[in-house]
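Should a chain be cited, it is by its letter among A, B and C, assigned in written order, with residues numbered from 1 in that chain.
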């Protein structure tokens, strides 16, 4: 049986190298089967709860597609129409939901380590769908799966991660997951005050080669992958600093055409101004494929965690 | 196979006369089958996404019933708990949802022509569930289906459409769909400043006979159908004008009993003050039947669009 | 066939003694079957609508689990994204939803007797999921089922109900349901101004033995069951009275350890301050089991009402 059956998935570190390759291959197989049959029958009789204490389009809907395509069903707990308004603690909510005997719970919360805090209170396997600024391991899964599909390998890849690296939760998870591969180089591209957190660096130290740089132009031609993330005005302590730097962090067609060699361009989406729609038609633009890959890799993960 | 398989349904004009009769007959058949079996198996393995960027009770829930009764399943994208709050463009949202490979997407939006704008970005067939003041083609479908069921014909029908004809989106779609029938007469009954838009008139000119009148009393006894819609205070530039006219646009039992011959009374619902609950028990009141018909005609439409 | 097939369930009084025992035994059987098979096939082809005009976590999600575990499916009407925002009356909403031919409707509303008001407008059986301060009969069902499971009997039980007895809707329903058993004693434990309403007392008079007391300490050792409910500051006309009494109504470990004999401790949840988390590990703490029991007893109820 699978190595992930019944396991909580809280961090990108919960995946070993062999888990990742196995999931990628399973995702490919599930994609073909879903194309052929629409709905499969692996998860017939299984119920997933989505408990999102914070808004989300893609993660929740992507998990719902994945579960339904596997043949399972979904119950969506929506915070807005819940007794949280009466002051119930979210730990109680999780225990109650778990008491209803779901087969798996996907949880998102604005508090870092919320899933870690409740995991021992609940019997069902918990999948972390994003916990504040800490991690978003299934996003990393689809990111790395996309790199593997697009480049044919992850070992030896050179990736630039750009934007607000300090507060974005996809950056830590993606960095952690890349430590499972050999000879990876990461360029963290960000204004100094929004550089990746020290705690993240500690966990990747010695496992990947990394550099901190300030502008994407400086490294563009070295990259296999440019991973763009949002850079929000409110993260800057000094609004003038934001206005000064903004231009450098906008990826647009004209800017890209200055380079001889372009990386594939990824983005966890949603995007705001930092990635222009005029990039969408370039062959390097992979972000909509990336989002799409989320359904199949999450289906693979659910199939393993459910042990079906 | 059906003439509508894989087609986008954006406008009432997307239905030819023969499409409409075929859908009406299919809806009748599906209703019988649903009564007998509860859930059918036509759409087993198919997923519909409802992407409603604007509130709705009936349209969304009616589509959900239709899809589930056909044996398919539904994933509901809810704007309120989405990344739109982070500033994602709605075009991106549609592309991402489409990337998850739904079999059909029903979209509602407050912006006119939103579905038209995104249709070429998405692979799945799109059904317009209402686009601002522009159109609501599946509402027209259930309206005309109701007329056909109640009167046994649509050709030659005389219909009064009443209320806020300028901003209501059911009025254009219903008017357009009626052009597919022979010898239809429409009385547009409305205060002058809320009369039907010129662009709508242009599209029906020469295909139906129409008149613009100001009060329902003037034409009541000529009508086969009185189609009542809401008339909201905020639509009037002059509040005194609203107060002056309000009485004439309220359909109530006492008012109706003055006439020798009554049309059937329809309403797209929800109603506010313009249609009194004391009308509900009259044999002419068909609006709850009309709402109910929505499930079966939408099931017929989905069956054809899905090609199942 | 079952005695409850097609019946509206509006009040705890809608259950006779023999209905309750039959449902308890059916719930036990369904729990075993669900453990063995995940999803059963009793309700295949059946659709339940949840129409909650007021927030809820547990009741709605618990009903959704129950219906899906029986093999049926659910359509969730969410007020927030509905045409109620346009001013539609909730009676119209219920008639429209009913017109879509669901097999059962679970309704919650902040207005007492809302389900009673609409029941004759709708064909589908209605289950009251809580109507303002009036009743919450399926909560009573899971409460009494829990007592039966934990104590092996309901006849002869001595129960203390504590908290805001005046406004809490679980209290009336639980009291009413207990009248179906023999020799039950109820201690209503509450500040005088929040004691159980006269209308409730009238309905249980002569059918159970009851006493009104002010503090839990006075009766703790007599109790088989302590049923704790929330006591909200805003219910007190005098804030100083709240501060004075608050301490007496907080159940915590240290307070409980003063007694030689402890009752089982129940709570309809959500809790706020009145039930400390340090009680959770005591063997008497049954409130999470109680919540969990809701799925199975509601599945039993749905199976009977649907006649499947």
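The rule we apply is simple: a contact is a pair of C-beta atoms (placed from the backbone, for glycine too) under 8 Å apart; a residue touches a chain by one contact, two chains touch by 3 or more.
None of these values were measured; they are calculated from a predicted model.
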Rigid-body rotation angle, chain C and chain B, from Cα fit (steps of 5°): 120
Homomeric contact chain A-chain C: same or different residue positions, threshold half: different
Distance between chain centroids, defined by C-alpha means - chain A, chain C (Å): 40
Contacts with two or more other chains, residues of chain A listed in rising order: 78, 80
Chain B to chain A touching residues, read off their complex: 44-47, 49, 73, 75, 77-78, 80-89, 91-93, 95-97, 99-103
Contact set on chain A toward chain B in their complex: 34, 37-39, 52, 55-58, 60-62, 64-65, 68-69, 78-80, 230, 269-272, 277, 288-289, 291-292, 294-295
